[in-house]
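Inspection log for the structure reproduced underneath, given as structure tokens.
Naming follows writing order (A, B, C and D), and every chain is counted from residue 1.
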Amino acid sequence: MSGLREECGVFGVYSKERYAIARTVYYGLFSLQHRGQESCGIVVNDDGVLSGYKDIGIVNDVFTNEVLDRQSDGKMAIGHVRYGTTGTSDRLNAQPIMVNHIKGSMALAHNGNLINSHELRSELELQGSIFQTTSDTEVIAYLITKERIKANSIEDAINFAMHRIKGAYSLVIMSPTKLIAARDEQGFRPLCYGIKEDGTYIVASESCALDSVSAKFVRDIEPGEIVVFDSEGVRTIRDHCNKKEKALCIFEYIYFARPDSVLDGVSVHAARVRAGRCLAQDYPVEADVVVGVPDSGLDAAIGYSMESGIPYGIGFIKNKYIGRTFIAPSQKAREDRVRIKLNVVKETIKGKRVILVDDSIVRGTTCARIVSLLKEAGAKEVHMRVSAPPFLNPCYYGTDIDSRENLIAVNHEIEEIREMTDVESLGYMKIDRLPELLGDKKVMGFCNACFSGNYPTKTPVKVDKYKFEKRISER
Amino acid sequence: MSGLREECGVFGVYSKERYAIARTVYYGLFSLQHRGQESCGIVVNDDGVLSGYKDIGIVNDVFTNEVLDRQSDGKMAIGHVRYGTTGTSDRLNAQPIMVNHIKGSMALAHNGNLINSHELRSELELQGSIFQTTSDTEVIAYLITKERIKANSIEDAINFAMHRIKGAYSLVIMSPTKLIAARDEQGFRPLCYGIKEDGTYIVASESCALDSVSAKFVRDIEPGEIVVFDSEGVRTIRDHCNKKEKALCIFEYIYFARPDSVLDGVSVHAARVRAGRCLAQDYPVEADVVVGVPDSGLDAAIGYSMESGIPYGIGFIKNKYIGRTFIAPSQKAREDRVRIKLNVVKETIKGKRVILVDDSIVRGTTCARIVSLLKEAGAKEVHMRVSAPPFLNPCYYGTDIDSRENLIAVNHEIEEIREMTDVESLGYMKIDRLPELLGDKKVMGFCNACFSGNYPTKTPVKVDKYKFEKRISER
Amino acid sequence: MSGLREECGVFGVYSKERYAIARTVYYGLFSLQHRGQESCGIVVNDDGVLSGYKDIGIVNDVFTNEVLDRQSDGKMAIGHVRYGTTGTSDRLNAQPIMVNHIKGSMALAHNGNLINSHELRSELELQGSIFQTTSDTEVIAYLITKERIKANSIEDAINFAMHRIKGAYSLVIMSPTKLIAARDEQGFRPLCYGIKEDGTYIVASESCALDSVSAKFVRDIEPGEIVVFDSEGVRTIRDHCNKKEKALCIFEYIYFARPDSVLDGVSVHAARVRAGRCLAQDYPVEADVVVGVPDSGLDAAIGYSMESGIPYGIGFIKNKYIGRTFIAPSQKAREDRVRIKLNVVKETIKGKRVILVDDSIVRGTTCARIVSLLKEAGAKEVHMRVSAPPFLNPCYYGTDIDSRENLIAVNHEIEEIREMTDVESLGYMKIDRLPELLGDKKVMGFCNACFSGNYPTKTPVKVDKYKFEKRISER
Amino acid sequence: MSGLREECGVFGVYSKERYAIARTVYYGLFSLQHRGQESCGIVVNDDGVLSGYKDIGIVNDVFTNEVLDRQSDGKMAIGHVRYGTTGTSDRLNAQPIMVNHIKGSMALAHNGNLINSHELRSELELQGSIFQTTSDTEVIAYLITKERIKANSIEDAINFAMHRIKGAYSLVIMSPTKLIAARDEQGFRPLCYGIKEDGTYIVASESCALDSVSAKFVRDIEPGEIVVFDSEGVRTIRDHCNKKEKALCIFEYIYFARPDSVLDGVSVHAARVRAGRCLAQDYPVEADVVVGVPDSGLDAAIGYSMESGIPYGIGFIKNKYIGRTFIAPSQKAREDRVRIKLNVVKETIKGKRVILVDDSIVRGTTCARIVSLLKEAGAKEVHMRVSAPPFLNPCYYGTDIDSRENLIAVNHEIEEIREMTDVESLGYMKIDRLPELLGDKKVMGFCNACFSGNYPTKTPVKVDKYKFEKRISER
């Protein structure tokens, strides 16, 4: 029930045969839709000619049968789903972006956020570069292009460019003849690849997207690695590997990723179950039933139930027909937005002491509303357990946890939050137990800066990234 | 995961104040969307002027903000969601229907299916009546209108008409000044009403729709009852009550209704949990985890887990972004339709003996595909448990269980089905335990004809209801 | 530039072969689009199965390729374009209407207006009939159906029904096996048929629609005639012919019909040219150029020029890209609606004494705006000539000249109108010269009631036809 | 009836007040729609923040009320209509383009075609520039940006850049604080500006667009001139003026421009009338009526009629409801595409010797079809007169006369063309009389290269401009 949003999901296909390849990307993007619902796009490579389609909206709305039919056949294609800022610039900022340069065409799909894009952009602008979007992806495209002039290959150009770009990025890049996957040297965002029975390679942000197109998981792209798929097979460039400590976003496990994905060797579902177990150990309470807030609280609720022995119950039914175009009630309409989306299964709740598990608390308002629904349905007590620690710091690596004002935990003590949400008890995941979410793989590094403030990179100078989006009178 | 479809859901509002009442119906229809996704409609009564909008599509697509803004304000409104046969006649058959007659206007929304509509229609046609749809609802409208000429009130006309119409119907009818709910004397389909804090009355097929608009459940409409909402309050006509044994569709509990609804005093969720318990008692097996097929198998899986003590697990992630316009893969696209919609959480399944719980098996093909996904994910054994008995007979009361050829259980022994679905064991709900689903309320009668062949009415002569939809050359 | 609107256009096809016949109707409706732009529809008869599609909008918007592809193939089809009242009831009132009755199915498309529909409707309602629209067409459908019970054939039923229905109607009716055209005994609205090279019959409101589908004009349907097209060829029933004096609407020639149509033997273009000549004879003036208001004033301007010897000029360019969805400027937008649609060709006008010819003046506002554009462009004098006499009376026969308040000529003397429109002189067509528009065929009767008040039928009791569209509080 | 297409129309507004300025552009683009129907766009400058919307489609379809409402208010805005190549790249190539660079943002709208874009593009690519479109406009944007780094102002940067770009261009450029209009030094494409009563400046490709928004024409932008509109008023830079002979496209007068426009001091309508007079002088013939092919042949037909004394007649009615989405008949549909769009007014034609005037003959097929319609309607003779000379050479300056294979006059003698179109006589405008079209202003230079082969610039090396649109296997 977190309102937080990931910035993107990427997907790529390299097939030996020319076919209606956009459809494979379409299915892949479906399974990455949770990573971005603002816009989406597909670029197909038809023997060197790149052409594509992107628009604002979810995959299901943008890619109608008619639109898919208009896409070229090809052997390669990449796709992207994006969460972006609202406003008129959205459509321009949709990805993948396609650029033509001296050595040919290139398409890029990017998940993440650079911390030095402002410097890079200024430098490029001073050389006369023009930018048609406000996204980092165009900066990356320029850097690769500049290197490409002198480099022997696109992969070399990417390798060189990676010396300049700092921060979080998982990239899928397509040249006229190659599909290339690259991940920043700290591995903030996930990226993996798989293979289908017919030898088609699939690159995706999460393994669930491999499953959706019947591809077998091969392995994660390592932090700093560049993997090249072309007519000669798969090659890897590891010049940037093992240079820095890994920093995969822990919140990918807690909320962003789909539970059926396995990221860097760790099952997201299992990580959430372990989070639930930790909560049960740290905050035991006598109760009758454990319920999760759908959909992201369910796995941790199972974990809490297993560890505590308190039965797991279905506490809510989420209306699955409410789409993106759902018209939320205005004040005038006098209906209740949360109630329309989420209804309590009274049978489970009435007269019970309820343990309510959710992935996180951001502003606290939705949480309070859910608790009030439970009480109205007859819950005797509600004990809230949250599988993320309190958010206290902005994220610079590709999520929208960027405004401290809206984070309830920044301004309120836990006891205050407990009172505001009207629960009998409230327990947040403890920061020092976060490594346990990764199970036996816990040696692996991760980023928990949004909770701890320990940033794995230098923090970016707070710059006015969107200078082109401010009115003169406001500057 | 049953592919069976309910025919309809109905909703009505009677408010003391004039306001943008179509929006309340809009939210109500959302929570009844599972009862029909083919078309939907809303009719508003603005001080006697009925006007409305209906179209093919789900509520979210048909009722855009623009369309809602164009609806009149009013004090009364009714709505309908419908599953219908495909083809060109759909739009015509969308409901509610509006008719003008000698004493005024009337709008009707209908859930159910008459068993004597052919006779009634022929009789009316012989008197010169014309029909613009092929639906039973128009027949009901005629019968009420004919009675209305001589009756003192619309409710009397309905009362008289109910002597003629046989079969299953839950009706919401709106005259210039009244909102009326009526339910057939055997109560095949559910119907209830509630009240909001400001005194607004809500009528709905299921109680979950009352919840969605913050109305308090008052009571179910009784079989045979007519309830009138007007400026004088609520009145009831019970001339048709207690004349026949009750026959609420048991499959409403097993599959059709939403788990958060309470139908005729019985929680749907609880009924499903009890079904799971029965399955655990009748078909015990040693296993490691119990998983339900989302969404309709989850509640029974919980029941099986509780009764057996085997842990409940999250076995599948269902892609929640796949809308009605989802483009299913063609053969050419070489992707797997089930896999795109449903992915296994391998962590839960791998190396485990799995008990798989679903609501029903219709054709068996989807079921077999799901089992194969589990085995592919590493399940050591799969034990299938089905919370409905085998379908063996057509339904005449408003669902589409009407073609025996497609029902796997008609042509195959259970052992054959077990082999076809490749499970280690298969257990269907036993017919004689169905009364237990209703818990303490089990004295209440219900219809289980689709399983047992015991029809609570005389079965209709199989007639060519759709004579107007057959080409001359085919007659 | 008249803002007056015809109520409808009808079209029918009877082919010997089954094919994608809806497309032929589609092209036919295009050429009748000027007769109604509010809604349109097509019904196809596929060996007895009638199915169709209709919606609000012009032909080009409603019938997309996708919609046309979904229409059945067939040997017969009918279509309709309609101008209707605004509001929510539009979609319901779209035509053709399809009804099922005791002897089969029937589809009807109707152009005109009954003068006794209220009596007929009341009578039918007293017998228990229900109406789903507020249109006369449903009344006609009922009357035919009632007769059909006892009649030997659909054409006999129509013949009998025509004894009851009074007023203006040109009908195209389709039964499972026949296409039937019928025209009221006074012939208020045009109707004709033609034949294509392959023997396909076409029925249409105007001959221009025959041209558009390459059908050769055969003849006009006579007032009172019923023409039947079926597997045996063409038959005619003339029981209602020659019973009353003919009364074809003279305004069809002046404005409604397309200039390339020939109605009842008279070319519309020629009639308008003759109107222009009459104006030149009756209102001569010294001037430099004659210009017509596009598109309906051009033909009469040619006539005026021919008769007077004053050169014809192109005075205006009409923006042809402004579609139905054109967003007219609000006050806020500070642009000029008339100017966006119509621009003066200054070269033609500057420094000239201009004779401006238009078909009619309804409210006078648009006319005044056009004159001011001419003066602004440098016209030294503007002499207005109008090819219709002043509107003084409501029309009961299927046009929207029904509100006397808005007719400028009802409340103002011609001299006043001249001043209001700021022209140097103003000449209206003289009523007694109207017969000359028909040329040698002038013996033929026509209706000029809107100008003269001489109604060819008894005038209908002014009844509340739309009682179902009034709020209770307003009754 | 020429099928030739202009590449673009541009429009700009500079207001003193902030308001819903996109609407003014919307109305302006309507009147320029004839210059490009493939895509359109508007960019608004809201105190320095540029934001916009563009899409494939005509103005009326792209800019719905909803889309217009979403546009920012502002004091400046520019717009563009475009004809472009078909295919997937269209949307990307839609204009105006917006770029961000070191000194701010910039939006450009461009009409014309550069002859050295290939060289410029290669040069830029070698410096590491990336291109997201295949249009010349992006090249211009880069050149201006490169100059902008060192220039004092945007207008200086444009001035410098104009030394590099060769060929045809009429530009409207918007910076955060300025609106700038610039025209190539030979003035291939028209450009003018006007002022509204409230002091708002309007820049447009044609004067008809000034009229549509009630702006008074001030003057044409001179070839080579840069005009700057900002808070200090209007300034001009004339460094590039009077350096080369003027070369306004003569076909703007014959076909492209709207007759109500005045380009470089010459009325388009008057030019066409003069063309008709020339034809009458050069190709006199005895005949009964002169008719023009709508809409572009009408003015010259008037001229022919005036000069010859043979009466002008309305020969055709063009169906005005056929929009861009019109579904042209397939072979299967057995209808006639030309006939659906254009119907003969038989009254005018039957039994007559007809002089048929059209603007040009490109492929000859449509022309032949029109002649056959006339003959079918009873024309005794048809004498074709064409107000353009035969097309013999490709155009490099922004129209699509670029493929010699399709030009009928390249491969056929005039007598052959006469036979192919089945006319009794055929007369083309003589090249040496083209100067007369401009009347007294004939001293002014113009480009007639498509007829004469006399190119006013060096002709571009034929380069593969669209290398990124070719498949590898085809290279």
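One rule holds in what follows: a contact is a pair of C-beta atoms (placed from the backbone, for glycine too) under 8 Å apart; a residue touches a chain by one contact, two chains touch by 3 or more.
What you see is a predicted model, and the numbers here were worked out from it, not measured in a lab.
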Partner chains that subunit A and subunit D have in common: none
Chain separated most widely from subunit D, comparing mean CA positions: B
Averaged-CA centre spacing for the pair subunit D and subunit C, given as whole angstrom: 37
Separation of mean Cα positions, subunit D and subunit B [Å, integer]: 59
Chain centre separation in whole Å, for subunit C relative to subunit B (CA means): 47
Residues of subunit D touching at least two other chains: none
Which pairs of chains touch, using the document's own definition: A-B, A-D, B-C, C-D
Touch list for subunit D against partner subunit A, complex: 46-53, 70-72, 87-89, 91-92, 97-102, 104-105, 122, 125-132, 134, 141-142, 145-146, 149, 176-177, 468-475
Parts of subunit D lying in touch with subunit C, wherever the complex brings them together: 19-20, 23-24, 26-27, 30-31, 33-34, 37, 58-61, 63-65, 68, 208, 211-214, 258-260, 262, 267, 269-270, 273, 295, 298-299, 302, 306, 311-314, 316-317, 319-323, 325-327, 329, 332-336, 339-340, 343-348
